[in-house]
Each structure stands twice: as C-alpha cells, then as structure tokens.
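Here come two complexes built around chain A, the first alongside chain B, the second alongside chain C.
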Partner chain A sequence: MSRIAGSTRRSGFARRTMALALAAAMVIAACSSDAKNTKTSTAETTSASAAGSTAGSTAGSTGGSTTAPSSGAALVIARGMDINSLDPSRAYCDTCQIFMTAVYETLIGLDPKDNTTLEPRLATKWESNTAQTEFTFTLDPKAKFADGTPVTSADVKFSWERLQGLQGSSSYLVSRIKTIDTPDPGTVKVTLSAANSAFLAQVNASYLGIVNAKLATTNGATADPTTDKAEPWFLANSAGSGPFALESYASGSELRLKRNDAYWGAKPAFPEVIIKETPQAVTQRQQLEQGGVDIAMQISSDVAKGMSGPDITVKQVKSFNFVYLALSPGAKGGEKLTPQVREAIRLALDYKGLVEVTVGGAGQSQPSPIPNGFLGTEGLSPPAQNVDKAKQLLSAAGVTSLTLDATYPSLNVYGVDFSTAMQKVQTDLKAVGITLELNPVEIAVWADKIGKDGIPVTMLYFAPDHIDPSQYAQYFGLLPKSQWQTWTKADAVPAETDLLDQAFAAQDLKARGALYTKLANAMIADQIIIPIVNPDLFLASRSDIKGIHYSTCCNLDLSRLTRG
Partner chain B sequence: MKRYLAIRVAVMPLLLLGIASIVFIVSRLTPANPLVSIVGERNLTNPTIVAAAKARWGLDQSIPVQYAKYMKNLLHGDLGTSFTTRRPVLSDLWDRLPATLELTTAALCIGVLFGVGLGVLAARHRNTLIDHVARFFALLGSSLPAFWAGLLVLYIFYSRLGWLPGPGRLDPRATEPGRITGFFTVDTLLHGDLKSFKAALLHLILPASVLGWGVVGIVSRLVRASLLDEFSMEYIKVARAMGLRERTIVNTHALRNALLPTITIVAFTFAFLLTGAVLTEKIFSWPGVGNYAVEASRKLDFPAIIGVTILGGVAFLVTNLIADVIYAIADPRIRLS
Partner chain C sequence: MTAVAIPAFTVQRARPPWLRGPSLIGIISLATWLLVAVTLPLWSPHTPTEVVGGRLLGPSWSHLMGTDALGRDVFIRALYGSRISLPVAAIVIISAVLVGTIVGAAAGFLGGWVDAVLMRAVDITMAFPPILLAMAITASLGPGIRNVLIAMVLVWWPIYARLLRAQVIAVRQREYVDSAVAIGMSRGLILRRYVLPMAYTPVLVNATVDFGQVVLLTASLSFIGLGARPPSPEWGAMIFEGATNFYQWWIAAAPGIAILLVVLAFNFVGDALRDTFDVKDLGR
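Take a look at the complex of A and B:
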C-alpha cells in the first residue's frame, strides 16, 4: 500500500516537475522576446543619445547591459595584447607601438592622413648631409616630460644609446649609429657608420621614443645589459613626454594609460585609455556591440560581416601587413627548389582565390615583398596564375612529381588563418604535381626547425616598423646574412646589396623610389618570398568615436581620438 | 592520524622537487626555440640580439648548469622570471591565482549543488522522463567542449539576451577593488562596494556555469548510482516499512551515505578545475592561471611552465590530502595510518 502511495506521489511529483519545467521554459521564451525588444530599443536610445550628444544614459542596470559612457569617460579598446615589455628599449609588439606612441614621443611624427609625410614632434627641424651619414635635430624648447623637466639632447642620447646597448628586439633600428653628439641641450647630432637615407623614417618608428634620462637612471636604467635593472620599474611606471602616461599594467588583463595633464602639446580628449585583453575577434565584436568597449581592433573579415547599425562604425582600410610563402632551396628536403621550380610554384598559385579564401576578398594580392603603397611599388605587376606555364617549367626542370615538407606556425594573424591559407596553397600546387605535406606547429617549434634544418615551404607574416622600404630589403632580400638569406640558405645576390647601398646613399626621393622598384623586382626574381595576401584592416568602433587612423609607424595614435 | 598527516606534508616538497625536475628536463629537451618569444621571430638570425637575449636569460649555459641554478633558486622560493611577462613567476601566480580560485570555487559550488540535486532527482525517479532528462543534461555537461559552450552562452546570455555581462571579472571601465583576498566578490564586499560586488558576482555566473557544468555531470551520475545502491540496502527497506516519509529516507539516511564517495571526486575535481580552467579563462578573458599556462606553453616560457606545474602539483597534493582527511572524518570506520 505504502509503495503504491509512494509511486503515486512520485508520478505526481514528476508531473509537477514537468509542468514547472514547461512553465519555466515559457517564461524564459517570453523574457527572451522581451529582452530582444529591449535590446532594439536600447540601440535606438543609444543612437539618439549619440546623435544628441547626451551622455550618461543607462542601457540597463544589470546583466550584459552597459552604461553608455559619458563624454569624459575612459576610452576602452578591446584587443589581444602581445606585450613583451613596457621598457621602451625592449618593447617590440603591435600593442607596444600603440603604447610607445602614446607615452614616449619620437623626434619626428607621421601625418596619419597619408602615412608618408614626416612632421615635427619633439624636433622642430632636422637636416642631413648629402652623404646621408650625419643628421642634426633641433628640439622643441617647449617639449617637457610628464614630470615637468624639459626634453633635452641628453635624453635623446641616453634613449638611443640604451636602445643600442641593451640589444633589445628593436635595436636593429639604431645599429648604424656611430656617435651621438649633444653640442647644446636643444641640438642632437647623429653620425652614422654608413649612409642611411632611411634614418629619418627610423627615427619616426615608435620604438625610438625618448625617455626621461634622469628619471630612468634613478630607477636603474643603464645602456649596459649586465647592469640595467629598470625593466620591472617600467612595467609599473613610465618616463615619457607623450600625451599619456602609464597608469597600470596587469599582464593578460589590461593596460591603463592616464592623460598626461602636463602635456606640452594639444591635450588628448580622453582622461584615461584602457586596453582590455580580449583575444577572440568574436568577443571583441560582442563587447563592442554591447557598448562595453569603444574600439575593437582585431576584427577579422568574417566577424566583420553583418556588423552594422547606427551605433557601430566599421572602417575597412588598406594595411601594410602581409602574409607570405617562403621557399628554401637550402633547407633539408628543399634541394629541388631550383629557380625554375620556384617560379613554377609562384605561377601555380591562384592569388585571387587566396585573397578570397583567407580574408573573404577583403585584401589584395601583393607583387613584391615590399607592400603596396610603399615607395617604389607603383607600377609593379600584380602576381598572376599561369598553370600551363608552371607545368612547362616543371617539365623543363625534369620534375614530374615533388613532395615538400610545409611546416608552418599555427597562427591566425591579421584575420588570416595560416592553416586555411596553406590548404589553399596545397590545392593549387597539387594541380601542377607538387605535393605539400602540411605540418602546423607552435611558433617555438617552427623557430627551432627553421633555425636548424630549414623548412622547404613555410608561411609567415610581416608588419612594418617604419615607412621606409629598406626594412623589407634588409629582411627579405638575399643580402648576406639577412633573415631570409640565412633561413633559406639561398645564395646571396650582391646586386641587391648594391641597390640597397645606393638607396641608402640617395637623397632624392625620386631616385630612391627608382632604386626600390629595382629592389622589389630583384626580390620577385629571387622567387624566395611569395606574398600571399595583403589583408585589409577592420577598425570597428562605436559611432561616436572619431579620429581613428591606421598608422604605419604607430598602429593607432590615441591622442587623435575623440568622442562625440 | 597526526603522524600520517605529518608524513604526507613532509613528503610534499620532495614530490614537488621531483615534478619540477621532470618538467625542467622535458621542457629543455623539447625541440623548440624559446627565443622566439623573447626577441621575436624577426630577430632570430641577428647574432648580437640573440646573444644578448641568451646571456640575459641564462640560455647560453649548459642544461646541467641551468638546472643547478634553477633548483638552487627554487629552494630559496624563487621560481625565476617569466620570459613573456618579464616579472617574477611567483608574483605572476600570486596575482592570478585568486581569479582562478574564485572561478573554480564558484564552479565547484554550482557543480556540487546542481550535481547532487540532479543525482537525487534522477535516483528518486529512476527510469522516468526526469531521470532521462537529468542524465542527458549531465552527459551534455561532461561532453560539451568548454570552448564551444563558452562561446554559446556568451552569444545567448550576453550578446543576444543581454541578461549577463560579458568577458572579464568586472565591466571594462571599472577599476579593480583594492586587493585584500584577491576574490573580487569578497573584496568588493569588504570595501562595502555593493555595486561592484553585484558586477563581480554577475561576471562570475557565465564562466562558473560553463566550468561547473562538467562537474554537474560527474557528481550527478555518481550520486545517482550511489543512491540507487543505498536504496537496495536493508536499512532503507526497514525505514520504508516503518512508514518514514520518502524525503526523510532519502535526505537523512540514504544521501548521507551516498555522498561519501562524492567527497573524493569533488576534491579531485577541484584540483582538475584549478589546472583545467584553461579554455574557460581564455574565452571569458579571465586573467587567471589557466590563461597564463596557455601563453607559457605556447611561448615555451620555461620558468612560467615550471611555476604553473608546481602550482598544479600543490593543488593535487593538497586536495588529495584534504579529501583523505574529510573521508576519515565523515566515515568513522576509516582510520588514516
């Protein structure tokens, strides 16, 4: 009897539970519908508020709704931070470029409208000798650091000598500096060990920002790597003259900059800038759409699709970043990569298809390792597929079938997934009888392999440090001991060294452009570096954020941003 | 029992040294180049920059010398400096551990509460629709990848419905509360900041639920099985024959015994959660140890890898010990020796 009663009770309980579950589901569905309506109306409110410049409206008090920021609120940027250091002599990353530009000013700035015109910053004027070996800078007497002390030639000398001495990742930019003289506090005279017409462009690189020598020295900074103790201090403090100063940094979480209220130039609009660690493009989009952040900087083309509405602005801009294929004839297993075979590979690739597959068409093909838009790239023929000619070349080379190791770093850079790109390359090469054995690995494993045995076919990316094309010739050209000459073990091409030396010695812009065109063509003829795609950048922001520009030297100049 | 505990605690440092040694050797023998995360791939063939980096990080010395130096420092409580954050590993772990602990504690609470409830419900309604639904829910939690579940709940509850906040421990513009415990929910309360407490609590819900869902699966299945075992025992039949209410029989008698094996699982699960919150932390931009571990292994950051491993070792050893002690307290028949 009791069992039966119990059973009846249980089935009654079951029915009640089911009824409750059903009711809960209906409530959730109803609420969900309400929430969607609320979201729409919230968007309208925010839009109206933005249009009327009324700040402080609340999109909701709980949950995911976010209070709309007031005009004086902090600017929040979502991006995957790749910070390796905040010490100006050691920092070297994309986020570091933003940080350095905001905190440590360079002698020369860059007009963001054209990304080519140099403009005064800490230096009011500069001149060089005709041999391009001596450069003299006159400092702005008004320039001062955040602590109020004036920026002097001694600070410039200290900053660049420390960069040179510590041999951090960006120290190659000052490798040609022989001496730095400071005849007076307002004048800096730099003598180079060899001609370098790219020096002014290098001075514009964010990594050549000027540090308050006295403050840095007090906190352990020296130019000697064995005695320098300042890196931990720089992780919590800054010593620059820029429009912002470091407020705090929590690795893997956020970087906070506060406005330098003693800034000697035009005061930036935002009292605080927060860069939040947000590695996923999807999450960046969600946070932007919900109003949690103001700018999302690493939106890929597929994530950018469908981003629209009055609250969000998505700018698609041309970048100077690119992803490339590298062929190494000197690598173990790459012996058959003769010039003919390399040319066949170049001709076998479907460049339009690669742009389509990797970034959904949001990008360009790039003829040479010097990106489109750089000096000397005008008029270069875009790469084109010619499968028949590729087959003829392979036949002439006596290659009927070829299998190559294609180890590459498993990365997703500038919205380009390397695995997707390599699969497309594999398909294209299969059509001409070349088999690629794809092997995605972590970049540390890739670095070990390419440094030891080399890799016959691999993929990597490049973003510029400054606006001069010389960096591409130095990195990709077959100059003795250049990065890719070393890795591919290809024979050095003396003509490229001569061309670069001539370009370094040339003062006239037109003459330099012609020399870089020759260098670009020489690198195309090398068939070592084959650019795959030059992806566009998607700069997504709340519609009330103005002044967003992609900068070659500096990524994003925070001081130019405003709200409303 | 005291002697047993003393021996277990005394052996721990030796075990940790052993773990550190194994990880040190394995990481050094891995065919990979850590310099790529120190100097960047663009400087790997620059001999001057590479030499300076090797000298600075001690990578120019032989592996035995590096090992001897590391162990000497370790014995002094120095876990070295991270290649990537450029800070002492101990400081990094100290800063990030509370975030992970807060997340895993919340996940464990969710997992145990829902897991026990679901297990009891499934056992009481064995082979009914409730049982099937409960088992399906548990299976889903155990089998759904945290990465996918994380993106899904963010899309539904943050992006579409707007019910709950998105990634991070607080709203992006909010300032962290002054550190007392490092648990934002606790520190905001201690500072009397109820608005921030609410924000911290709401930010915890989605990641803790994703992480705790897997625990729900494990705990509910275990509780269900244990309860069914108990239901077949004589004392339960006697209780039913005596006319006791079903709720009393389950909650007071059967569940108490059925929960014993759950203690061990919960303890181990906590350690697993501590070391396994990696994907959840990544998806929710949670600045914890999991995120740190991912970056460390991706960049072959030797000191950080060993530091995280030692922390994981401590977590397992301590939770294991706690489980043994609780087990002994809960079941008077067990004597630790």
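Take a look at the complex of A and C:
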C-alpha cells in the first residue's frame, strides 16, 4: 500500500489518477493469491518442556572444522529489525539474539533438536558445586576469534564483567556473579553471590556471548558506563568467535553478516547473510513470493493464508513468545489501578476472542508471565473472562467509570498487530465501564514515556532469553529493580524474591517446578502483566532452504541453515 | 407593403457552468455525502466500533464492503469517516481563510513595513512542502485530530493571505476607493465595504478546491500515524489498517473510494467555479 498523495495544488489530476491506480493495484494483488502450490507444514512444535534442564556436569566437544555444503549466493532474510545496539553488552532485542548467536559464541549451546539440552560450545565441559554457587568452565583450546586470537578465560571474564558493569537490559542475567577467576587461560571459575541453579541456562543466553577482550578494549570498551566508548565501534565492527562476523549495518535498511572463514567449528554454508529491514508482514510475503528474499520471519497467520509459489514452504511453529498487557499503578494517571481494579481488568478480557482477533486462532492464551511449556506452568488454569465479577470488583472499588491512557508502541510483532489487539482490549474494557484512550506511538517515544512518567496501560512483547523460567520472574516479577517493577513503579513484593531465591537454590527439578508454579501464581496475583496471546510462529521460506527452526535461547541459528 | 412574419422563438437561459456536467455530479455527490454525514446515526444499522460478525469477511449483502480484523463493518465505518473528514476540512478551510484574510488584507491595504513583515512570514511558511510542514507540526504537538487541525490551518493560511493581498492591492487602486478616502471614510470601513467584497471571489473559489486537498492531507497524516487514533473510522487510518491486512483488499478499498469520491466532487465544483468567475490560481 502506498501512501496517499500529498497536497500540492496543481496536481489534482495526477493525484486522482494515482488513487484509482492504487485501488486497481490492490484488487489485482489480492486476486493473484493462489494457494495450490504452497507447501504448509503445521503443528510443528518446539519442546513442550523447554525449561526443565538442569544440565549438570557434561563433557563433550564441538564437531571439528567441517564445512557444510556451500550454498553459493547470500542468504536474504526479511524481518522487521528491532535492533537497539550491536554492542554485545548493550544489545537486547529479538534480532539481537540472531545477531549475537551468529557472531558471538556462548560457552554453552542448546541442542536444536529438543530446545532443552545444553551442549558444549566454547566450553567443552562445566561443573558446579552442590550449592550451585561455584561454576567452573573448561574452554575448548581450539576456539579462536575471527582475527585468529585464541578464546581465553580472560575474554570470558572481560565479557561478563562488562555486561555486568554497563547495566544494560540484559545485565540481569549476570547480576548474581560475585567474582570471575581465571586460574589459567583455559579455565573460568565463577563464584556467585547466592545459589543459582539456572546459571548454566543463563550462560546459554545469546547475550552472554564472548567478546575478544583485546580487540574491544583497543576500541574503547570498558566495564564502566562512564568511560566506555565502544558502542559506535560495534556498529561497524565485531569482535566475536562465531561463524559470522559483522559486515555492515545500516539502521532502518539492512544488516549484513559475512562468513567467518577462520571459524574454528563447522563453517556455515552461506558466505553472506543479509537481513533486510521489512517491517510489514505483507511486504515480507511479497518479497518472498517474488524471489527477493529466502526467508520471511514475521508472517502473520492471516498473511500466511494463501501464500503462493511452487517453491515456498510455510512452517507453523509453537513458540515461547508472547504479547502482554501491562498495568502500571505507579504511572502518572494510573493511580486508580488498585489491585481490585487490575483484577477487574484481567477478568474483563475476552481471551479466546483476543487469540482469534490477533492471530486468527493460531496461538494460545497464556495464564501467567511464564509461557506455556516452561517448567512450573503445567497446572496453571487458562485465563477466563468473567464480566460480572469484573463489574462487581469495580463496584466494590467504588469505580463507576474510569478513563486510562493506553499509549503503546505501534508495532506488529509475531504476527500480532498491536493496534488491532489494543482495540479489542478497549472494546472488552468498555463493557465494564473502563475507557482506554488508545495512543499508538513510535517505540522510541514509548520507551521515553514509560521511562519517565510511566504508562497506565500498555502493550509489549517478550521472547525468552534462555530456557529457565527464572528470567520471567526477574523481568516481570515485582522484585526490587526488576524491569517491570521499575516501569510500573509498583511496590516490590518480597515474597517473590524469596520464592526466586528458593528456586535458584533448589536442586531437585520437581521442587524447582513447584516453586516456579508458586512464582507464576504470585505474578498472576500481581495483576501487573496480563498475557494476551502466545502466538505460533509462521516461518516462510524458499523450499530449498533447510535447517530453519525456532530456538528458545536464540531465535534462529543462521549457521545451521543450508540451501539445496 | 407586406408584413413580414417574424418566427416566434423562445430564449432558453443557459445554466451556469457550475450547474452543468461534472460540476453537477460534484454537487450531487457532495450533497449526498453531507446528507449521509448528518443523518447516518439515525439509520445506520451499526456503530463504527461495533463488532458485527466474523473477522476479515469479504464483501456480501450483509456487509457490503466486508469486515475488518476486529469484525467491524467496513462500509459503515467508511460512511462514518465522512463525519470526521468533512468537518475537519470545513474547520481547516474556514479557519485558514479567516487568518489568511486578516493577514492578506492588512498586508495589501496597509502596505509598507506591515506588508513586508507579513509577506516574509508567508514566504517562509510556503517555502516548506505542505505535507512535510504538517507532519512536523503534528509530530511536535502529538498525534490526534485536534493537532492535525492546528497543523493544517498553519499550513494553509498563507495561501489565502497571499491571494487576498494581491486582490486587495488591485482593488485599492480603483477610483472609488480613492473617492472614499477623499471623503474621509475610515480605513476599516473602506476595507470592509469597498475592498473585501470585490477581492473575495478568488478566495472562495480556491477554498472550494482546497476542501478536497484538506481531506487528502488529513487522510495522509492519519495514514502515517499522526492523525486520528484507533478506533476512529477516519479514512486515512482505515487505509493503514487495510495496508496491514493487504490481502483483504476491501478494508482499504472502502475508505479509498470514499476519499476519491469526495475529492473528485470538490475538484469538479471548484473547477467549475473557477471557470465561472475566471479566477486564476494565485495561491501557490
């Protein structure tokens, strides 16, 4: 869809002609759909219990330096990029996960076959003490950075201390690290400030990728946010040991990765990967059908219907991503969002209708901020609408009519158009006497507003950073200084901190599961985060592209993709 | 002498240009739109935000232009869009004409430094492409129809100021104005009684043509997210929803057709008025 013509006064005829041509083009494009040649594989699921692994001491090795079949030309991917930074200690976004996994390797990987089992990557083995406070990693002596420098324990220490020091969005992953010792270049010994049975899962998070310390410090990287000057350098360069290296990045246009020909592991099949900025699902589909791209990553269920072409495959994949409504009692204008009112809002929502409206039924409702399938979510009751009880709660709270600012980022994520979802929420809440003033804004405007005054009612999305449920408590729970405790300005709930500490300390999987169930229920009781939909992913690609999968920790591992 | 019989014939009065051909179609179209906009709540089976059926249903007898992603009737929403676009266009044009008249009349009648200062302000404003200036103003004020109104008035007034100034300068040199000055009439009275009535025709003609352009610009600003906010059935916002659901062509087609009809109607009428009064486009 092109924009409506402007307002110069002397081009009325041209404008009218363009308007007619536009309408005609739309009709022609819509009529050209033909589903008969599309291969669609539905109901491919990721592991249903992704978060259960406590992966104890494991020994193994990476597969040596074999090379996948060469795939000739570059791999081109269409997706809306939400990149906030390419500095590995600052990056925090869905596209960042793909980038980090391709360029910066973690000590521990994740087996794509089950999305659960941790496997060796830069570390060949790891072990921990019984109390889960000390972890020792043995690095693969073959591992080296793209410039040929060996990956050493000093690099690990630098990378994680910098992540901790810069206090970016992903820094919570290393918040419990007390000291990092490097007894020799091949051994890293991490001591935590408190027990953390999820630490190995956290080490698997793409944001804990290892940076070439010498190269980074030469270009201004430090662990102190007041002296660190490396972020601009990281926009044009990379310093990782992964199968790809950064070639170039043009914000709003494209991200180019080139194969790391000196890669120490199995070399990737594609010499180059280009991620083209393509925010609209419709445009992604068109580019895939016209042969301009190989993979379209953010196709919605509606757009996926009737995709045509003799060599296009669409995979419908269960994911752990979700879109949620967030209520902020501490925000300016959110003072009336008492626990009763928040519960009324939760009960007023038509969850089945939301799944239908947002993703055409290709998704699930999600009871708590811990997604379906993670450890501890097995027994949770699905959310249900109860308008009568919502009205009773509002009446008991003395609220007869309530108008709330609902500023939200104007996004289309995981096939969910936020404007459509918010209009459905608005309709549902209107039925109980709550009026939402919808205000879609650019994500940067949204971030600025929520960081300052807060926003009474808003919508956002989340993709997992790793395979342990602790991340959800750390991000969404009302723990002191958690992301949403900060944004909502709600009072911290000490019981949630205690539960998380207990879960971190628990050795037994069943006991941890029970604790995470309690945490999930506690977060439901907070009524701060209300999941709207857990959408299936539609991964559309040319049929000759192999190895496409959804990774819990890393979104998409580019090194596993081949052509033919 | 033979009487010569003069054949009897009747003189048919030709209809004025603005009541013929395209102009007549435009007038009928506009009258219909106005009627719809005013009376719609009285007979419409649905409100614009009411969910009437399944989502993304194609056109049918039940829903002439199908339903959108939320299951709302697209045809009804497009009709309700006229209750936003037409009043917005009217308010913008009336406000811009008022401001432009005051500035243009002052500049043209008073001349001197007043003229220089006011016309430089006009020049500066008109140096920016209208759509960019409107975008910048709306973005700084914040999204919403009220701010779109403010932005468009700020964009549009210089057109009328420049147009009226030129007309006032031409009229004030006429002898009857000199006579009025000679008998001691006040400047204000001369301006109101003898200058403005003679200078105003081109302004009215241009204002008619500009109605359509304002409808377009309003839709443009809403399309890029600076105008109407959800769930408003404003036409530009509806077309944006259609872009999101591109393969359900009817969602964008309905407001697109509405814009087309309204803008064409205003242009037809405006062109006919221009021909009738032989007005040259002096605005931009």
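Note that the second predicted complex is superposed on the first by the 385 of 564 C-alpha atoms of A that agree within 3 Å, B and C clash if a C-alpha of one lies under 4 Å from a C-alpha of the other, contacts with A are read in each partner's own complex, and residues count from 1 in each chain.
FYI, contacts are C-beta pairs under 8 Å (C-beta built on N, C-alpha and C of every residue); 3 or more make two chains touch, one makes a residue touch a chain.
What you see is a predicted model; the values in this text were computed from it and never measured.
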{"item": "Chain B versus chain C as contact partner of A:Thr562, first or second or both or neither", "value": "neither"}
{"item": "Contacts of A:Asn237 with chain B and chain C, given as first, second, both or neither", "value": "neither"}
{"item": "First (chain B), second (chain C), both or neither touched by A:Gln392", "value": "neither"}
{"item": "Which superposed partner A:Pro440 touches (first chain B, second chain C, both, neither)", "value": "second"}
{"item": "Contacts of A:Gln502 with chain B and chain C, given as first, second, both or neither", "value": "neither"}
{"item": "Contacts of A:Gln280 with chain B and chain C, given as first, second, both or neither", "value": "both"}
{"item": "Partner chain(s) touched by A:Met422 [first = chain B, second = chain C, both, neither]", "value": "second"}
{"item": "Chain A: partner with more touched residues, chain B or chain C", "value": "B"}
{"item": "Touched partner set for A:Gln474, first chain B, second chain C, both or neither", "value": "neither"}
{"item": "Contact residues of chain A, present in both the chain B and the chain C interface", "value": "3, 6, 9-10, 280, 282"}
{"item": "Touching residues on chain A, where the partner in the complex is chain C", "value": "1, 3-10, 12, 15-16, 19-20, 22-23, 26-27, 29-30, 33, 280-282, 302-303, 305-306, 356-357, 360, 410, 412, 417, 419-420, 422-424, 426-427, 437-441"}
{"item": "Chain A contact footprint on chain B (complex, rising order)", "value": "30-46, 48-49, 51-53, 55-56, 84-87, 92, 95-96, 121, 124-125, 128-130, 151, 154-155, 157-168, 171-173, 176, 198, 202, 240-241, 243, 246, 282-283, 285, 287, 291-292, 295, 298-300"}
{"item": "Residues of chain C defined as touching chain A within the complex", "value": "49, 51, 55-56, 69-71, 129-131, 134, 143, 155, 159, 209-210, 212-214, 216-217, 219-220, 223-225, 229-231, 236, 239-249, 252-253, 256-257, 259-260, 263-264, 267, 281, 283-284"}
{"item": "Chain A - residues contacting chain B, complex", "value": "2-3, 6, 9-11, 13-14, 17-18, 31-32, 35-36, 38-39, 42, 60, 62-66, 69, 73-74, 76, 78, 84-85, 87, 90, 92-93, 166-169, 171-172, 225, 231-232, 235, 250-253, 274, 276-280, 282-283, 286-287, 289-290, 292-293, 442-449, 451, 460, 462, 475, 481-483, 486-487"}
